[in-house]
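Shared between the two complexes below is subunit A, which has subunit B as its partner in the first and subunit C in the second.
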Partner chain A sequence: MSDNATSESASEKPEVAVEPTAPVPETVTLSIDGIEVTVPKGTKVIEAAKQAGKVIPHFCYHPGLPVDGNCRMCIADVRTWNPRAEKHMPARRPAVTCWVDAEDNMQVFTDTPEVLKSRATVMEFLLLNHPVDCPICDKAGECMLQDYYMLHDRQRSEVRDEKVHKPRLVPFGDRILYNGERCILCSRCTRFTEHVTGTHELGIVNRGDRAIVEVVEGGDFANAYTDNVADICPVGALTKTDFRFKKRVWFLKHTESVCGGCSRTCNTVVDHDREEIIRIMPRERPGVNDFWICNEGRDLYKELAATERPAAASLAGKDQASAEDVIAWIGEGLAAHKKEGRERLAVIGSSWMSNEEAWLLGHLVGKGVKGQHLAVKTDRVDGYPADDVLHTDDHNPNRLGASASGIAPGKKDGKDLAGILAAAQAGEIDTLIVWGPGLAHDWGGDDAVAEALAKVARVIQLTDAVDAVTPLAHAVIPLRNWAERDGTWTNVDGFHSRFKKALRPPKGAWDGFELLLAIADAGGLKSPAKNLREARKKLKQDPELQAREFLDGRFEFPGNQTGFRHLGGVLET
Partner chain B sequence: MTYPIVDGARVLLNFERNTESWPLASYESRHGYVTAKEALGGKYTPEALLEEVKQSGLRGRGGAGFPTGLKWSFLPRDPEGPITLVVNADESEPGTFKDRVVMEENPHQLIEGCVLSCYAMGSNNCYIYIRGEYVGCLKRMHAAVEEAYAAGHLGKNLYGSGFDCDITVHSGAGAYICGEETGLIESLEGKKGQPRIKPPFPAVYGVYGYPTIVNNVESIASVVYIADQGAGATVDRTGYRRWGTEKSAGTKLFSVSGPVKRPGVYEVPMGYPFADLLNKECGGMLDGIALKALIVGGSSVPVVDADTAMQITMDYESCQEHGTLLGSGGVIVIGEGTCMVRALWVLLRFYHHESCGQCTPCREGTGWIERIVHRIEHGHASPNDIDELYRIADGMELRTICTLADAAAWPTKSFIDVFRSEFEEHIDKGCCPYDNQFPDPLNLRGGGVPQRHDDPEHVFVP
Partner chain C sequence: MSVDTSHLEFSAAARERVEWLRTRYPKDHQRALILPVLSMAQREFGRVGPDVVHFVAEQIPVPPMWVEEVATFYTMYNTQPVGRWHLQVCHNISCSLMGAEIVIDHLEQKLGIRKGETTPDGEFTLIGAECLGSCGTAPMMQVNDHYYENLSLKAVDELLEQLRATPDQEPRAEDLPHGPGSGPSRRIADGAALQAGRGVVVPGHGVHRRDEDRPTVGDGEAQPPFQPRDMAQ
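Coming up: the complex of A and B.
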């Protein structure tokens, strides 16, 4: 016993001693065009330059991939201190800033005449055998080659020889098409398959100007992340079959969004035009999805378009009920429960509802109160299998956030999902609020749901999709889906992500948060927040959540926070 | 039949060269493996041997001329993994065929050099990477390595010293770029032969990420002599420095090709006048053909005209003084009557074919300049094509991962510099003014009487 005690205290000691000298990250200070920046040791000059507000043009460099340094576009005048000569000296071979580490006392010049000339020279080589078929290229408008030509080249073509011809329209799996003539052989795509997915399907074969990218012999380019290569391809060499010739990119409107395909909640950009989603693209978010999304996430808008939605609000026994009627009915019902007893009220929240909605709903029905039944269901069960790149095994985004924000069983005698089912079957529930579709997955099929709901006096469904519950519900109010409203989700690691309204919602579809406010109003219940912004603020200050650092994630709700879109890799700052 | 041997200059070819000079017995009869035995037996500590190589002034014979001892001293002191020696026998530079002679006729000296070099740098493991087309060298090196293992010159606990040394002979697939040291390492690892971006240099991050030294065949084989005779000093002409100049010590193999009477490989001291090499060793130009131009160090170095050529002495300083480089010692003699435009086109066709294609300026540039020169040669060019060519070559220079792009740009620029009028003549006339009496203008296969091959005794049978 005493032996144990001493050995324990002995092993604890060093930890205590180590604490005050927690490792301070080593930094270096250098100047970029005269601007001093301090960056962690090991930072590449190109990244350090970003901190000084200088974007050094680059093709092959991508912050999410190992450096290859092949395009030679990022050459700058990098001078290191030479103690013997007692002055700053340039490297004999000009440095590629994507490869060179920032050093103390380094001087970097990114726009001297020589550097500009070097860029123009590299551009000239890149364009030499490029077909320049921008008018029929889907990348046009977000192509680095185009942008950089305008920024750094602007020379006339001097070429009078036949261009080098290479295969075009080569299928890479069934989602990607390769055009060898447009390819600038930056190896971003091959590095992606090597280092991000680890699947090694793509490689560069042949030498010199005969080199092309190919799918490995006997293989197929069919992993769950293939479409990312088309995003990171700086030119139009890789195009998505899904997007080809669908829309010129300059017609697209971009709205920051979040993917609900699984509990990774990858940050995305929804590109839409005329109230239609044209494509979904990844948005940089360190710690969540970095730069990537999976193909399922890209196709999610198709799932959305195929969903059957409730046509209008409805109330049992009342023809042509207006939404206000239904809201009043629900509000009164809730108010009654507050007086009569909460034990006979149950709420089944959705793993797709926003944190704000979950928080408000929780408050309205008595979050954390004794005998309160609140549970989150699984709305969606099908999806890509979990892998070790991004995808998780939960095909819903916000199970964690919804329950943490408010949809969790009351402290005492609160029933969980199965408990609510049992109680409903036993006729112990009078009012059941169901948010969203999919209850049948958790409750054992449509028949079981019907059987249980038959014993509940008031079934209320607030939903953006029709399911087995909808025809049985006494009151239904249509909701807006994730593309039509604003909110935050919290992912499997506790990171919060904010999605914004991209599309105009269909007539009669309610914003979940607004709807809850209206219900509170109708029932004379006191709402803890007057609007979304206030809700978000209070959610942040919620002492309980704060104590848990909101699931140990970042206690903040990033909105327009990162601001970087790595499409072709051009940083749209 | 023996080759004329320059007085006393015997570091690598110090014997009568014939088909029987390669086996172990023959090598041992000429002091073979004595040096290694002595060195490992206590004559040198590894540090002392490294110092000796440093003092000897030996510079890399693969082309760049980097001081060998200095390169070895870049190895980390306490490496986390094994140190590897890689012998670069990928000799593919047009005009260069000297390593071939060492491997075919004196392979054991290379092996002994490997043992000594490994000992000096603390390595137990050596690869000899042989150019794919060199089937003869490959077979002979295999045979020689086998002999050496059987006789205890390779393997574990050499001569009871406790030092192990293993050699693996590896064949490339015939790519020039696999001669570039990091391209070679990639290829050796089983990957596509593409140079790595540097730093880190191989001495820190080489084969499989471990410290590695890559040296040319000739460099490593010379180590035997240095270990045996010592570095010596240039002033009193002792040891290895008995030959050469202060900055270019020792002897050098030159592979001479072109319209000379006796093309072939000659070992001469550094600083030997080119005029003597041409007129004495090679027997002069073929009758009726005058010297027109010279590429002194393999196809990658700038060309010089006949007058300049005759002033050059074969060492690093003199070559640099005369606007060219000693390179790998591939002496390409160009005779009067050769079309320089066509000669350049042939060279550029090679670089275009061999560019690995990673870096933009090299991948696109090598093809571009080849197409332009092709156009000039065939009379489809316009006057400003010459400046355009020059400008493009300029743009390729110093912007790439390895120096292949520079190796294509330098000759291009120098051909224009020295023989601009010939380019202009092509454009003016709209055709090639030469009747192309030499179908292969560079005559890389040897334009004169190929001494080796008309002697049946000397025909190499692998």
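Coming up: the complex of A and C.
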């Protein structure tokens, strides 16, 4: 644009120095079905329309992938402003809105009769060889082809020839099955392997009605992010072996959650039914995980189900101790330590506890106070290796958040994990509070833990999983796990993500935050917040928590669970 | 990837040509080399199976999937070894309207093979090709590197006989180094029919390329010879 201006003025008056061109406007304003929107320059019309509340039907376009423009479903009547004629130029043909940049003064009509008719025609072609086996297709209910057919086409196929047959049930690695007949060749999956993972395993081979997606000859589809292709496949061509025939999607209830598989804390949606997690899907969250999650994160629910949990609260030397008894015992002990002997109390927090819990626990025992021993341990050791897509090398979500919120050694003489171990071995610790499992890793094995704990008079474990500490602890209170409670985690880059309660917790399992409030009550300690909301508010003001934002993912659930909730599997709204 | 390419090697001439081609494309657009290098590989190795695809990907270098996509898209790349004569009958719209399917059926019956197969004696491979850019003279087929146009069934029969009778021949030295379209492939014959130009003259049945052999239309007047449009106008 500036080039043109320069050359024009130069050819007219070559002797005059060319004035510097005005800075390019950063935004453009256009109208979508009469609704004005202003968007950054370079935004595609389809995205601009989304901001005007108009979802233009699309298959191949995906906000997380480069534009390809092959499906032609997103066509609309796009009229550009002609400054010389001073009018909008009528479009000669429908424009592909995922490809066309929004321009100033542009007029877009997304649902005129002509546009709808063109779209129906596009659908007719896409469905030419589609088997329409929705009743046995796992995608049914969240399939874009199905939704758009109902909205735009709704006609019988005119074709009387036999449909083209293609390979079905082709394994793409261990986790994905490909059905060539359902595939509409949108190339979302191939672009994913090309641009997101950069592994180039998938490609479209052959031509015309023989074209199919294939795994590269001699290769395997086995990267850590393979399942995303099934999410973004707009139809049921790619299905996850983990989800196949497990549940019709309309029975699923969706709860916003966060993955704790590593310190990326990808935002997820937990899809569950009858108190059982059926699958974990990614939730859009710019800056954290964008649209993707790794396969480990998807399998986390299996790990959760396989975890052995403490059956009930227990107190050493007391049969049938009720949770209240244990809480009272802990509370009194804490209060005693606060009065004197602070340096004989140590708290080992968890890298899985929520910021709110960490904050409250930190306050209760004297966060930042001289001689206070607080440390965060590593709960989980194994996981996928770090890579440059999402996964980090810390297989726990909230190390940063927990220590920033309050589980950090006191300024002076506060001991860290190794320090606490040494002190325990030397018999300098009277009370040790351990949150969650996994201490054996940081303390050098089960035997070392047993040896150190033998010298501690009161070992208290608040945990959602049994580990080497549990049988040795004098008091144990079962906690709820991440799928059963609310909270926030802070990821490695300082982004907060909020997870919500998806499952009904087992009987006797305490919400960590509530438990701490109860302990404070029992010990007569002053709690800095009366409930989770207040804690969250105060946390936000906490200067120590240097976080970039305090936002949930921008995904919201519509009241009725219909519409385009699942567009592209990434739960775009 | 786990495809072994160690048994493949380009001739010196081909290697030189790859290096020369490389200079024609910007550094970040070396992907454009896939077409010519694949074509050279086909001339060198006779086919572009998985091993050749990976070999080409290593030469450029690009991910093998990119090469595989290209190699399977164009019907001119033979992913399987082909017979001495590779009959590529266009069956895209124009040719189809003009009876390409009839030609293919006829060939299938005559040769006793199905589309995509090779005769047991290794003489003929029959495939259906997508538009070969010769729609004006549909139906047409490409045999190895040469076009045979305005086909009739009789012309096809005669062509088959001519091909059978044509002895195989090694490429002429002046056709190397090979580039896309730079000369007949190793499998092309130098028979009398091919000497006549880019087509087989079968009087009365079409199959022409030279203007004097064009069929007449309407009142019998010869059509004016083909004039390339003056692009300057």
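In this text, the second predicted complex is superposed on the first by the 512 of 573 C-alpha atoms of A that agree within 3 Å, B and C clash if a C-alpha of one lies under 4 Å from a C-alpha of the other, contacts with A are read in each partner's own complex, and residues count from 1 in each chain.
Basically, contacts are C-beta pairs under 8 Å (C-beta built on N, C-alpha and C of every residue); 3 or more make two chains touch, one makes a residue touch a chain.
This one's a predicted model, so the numbers in the text were calculated from it and none came from an experiment.
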item	value
Fit or clash - subunit C, subunit B, common subunit A	clash
Which superposed partner A:219 touches (first subunit B, second subunit C, both, neither)	second
If touched residues of subunit A are counted for subunit B and for subunit C, the larger one	B
Partner chain(s) touched by A:202 [first = subunit B, second = subunit C, both, neither]	second
Touched partner set for A:326, first subunit B, second subunit C, both or neither	neither
Partner chain(s) touched by A:238 [first = subunit B, second = subunit C, both, neither]	neither
Touching partner for A:278 - first (subunit B), second (subunit C), both, neither	neither
Subunit B clash site on subunit C (candidates 5-13, 113-121 or 131-139)	131-139
Intersection of the subunit A residues that touch subunit B with those that touch subunit C	203-204, 206-208
Footprint of subunit A on subunit C - complex, ascending	1-3, 50, 53-54, 63-66, 68-69, 72-75, 130
Contact set on subunit A toward subunit C in their complex	190, 194, 200-208, 214, 216-219
Residue ranges of subunit A touching subunit B (in the complex, touch as defined)	67-73, 75, 92-94, 96, 99, 118, 121-122, 124-126, 128-129, 158-159, 161, 164, 184-185, 187, 203-204, 206-211
Subunit B - residues contacting subunit A, complex	175, 177, 192, 197, 352-361, 363-368, 371-372, 375, 388, 395, 398-401
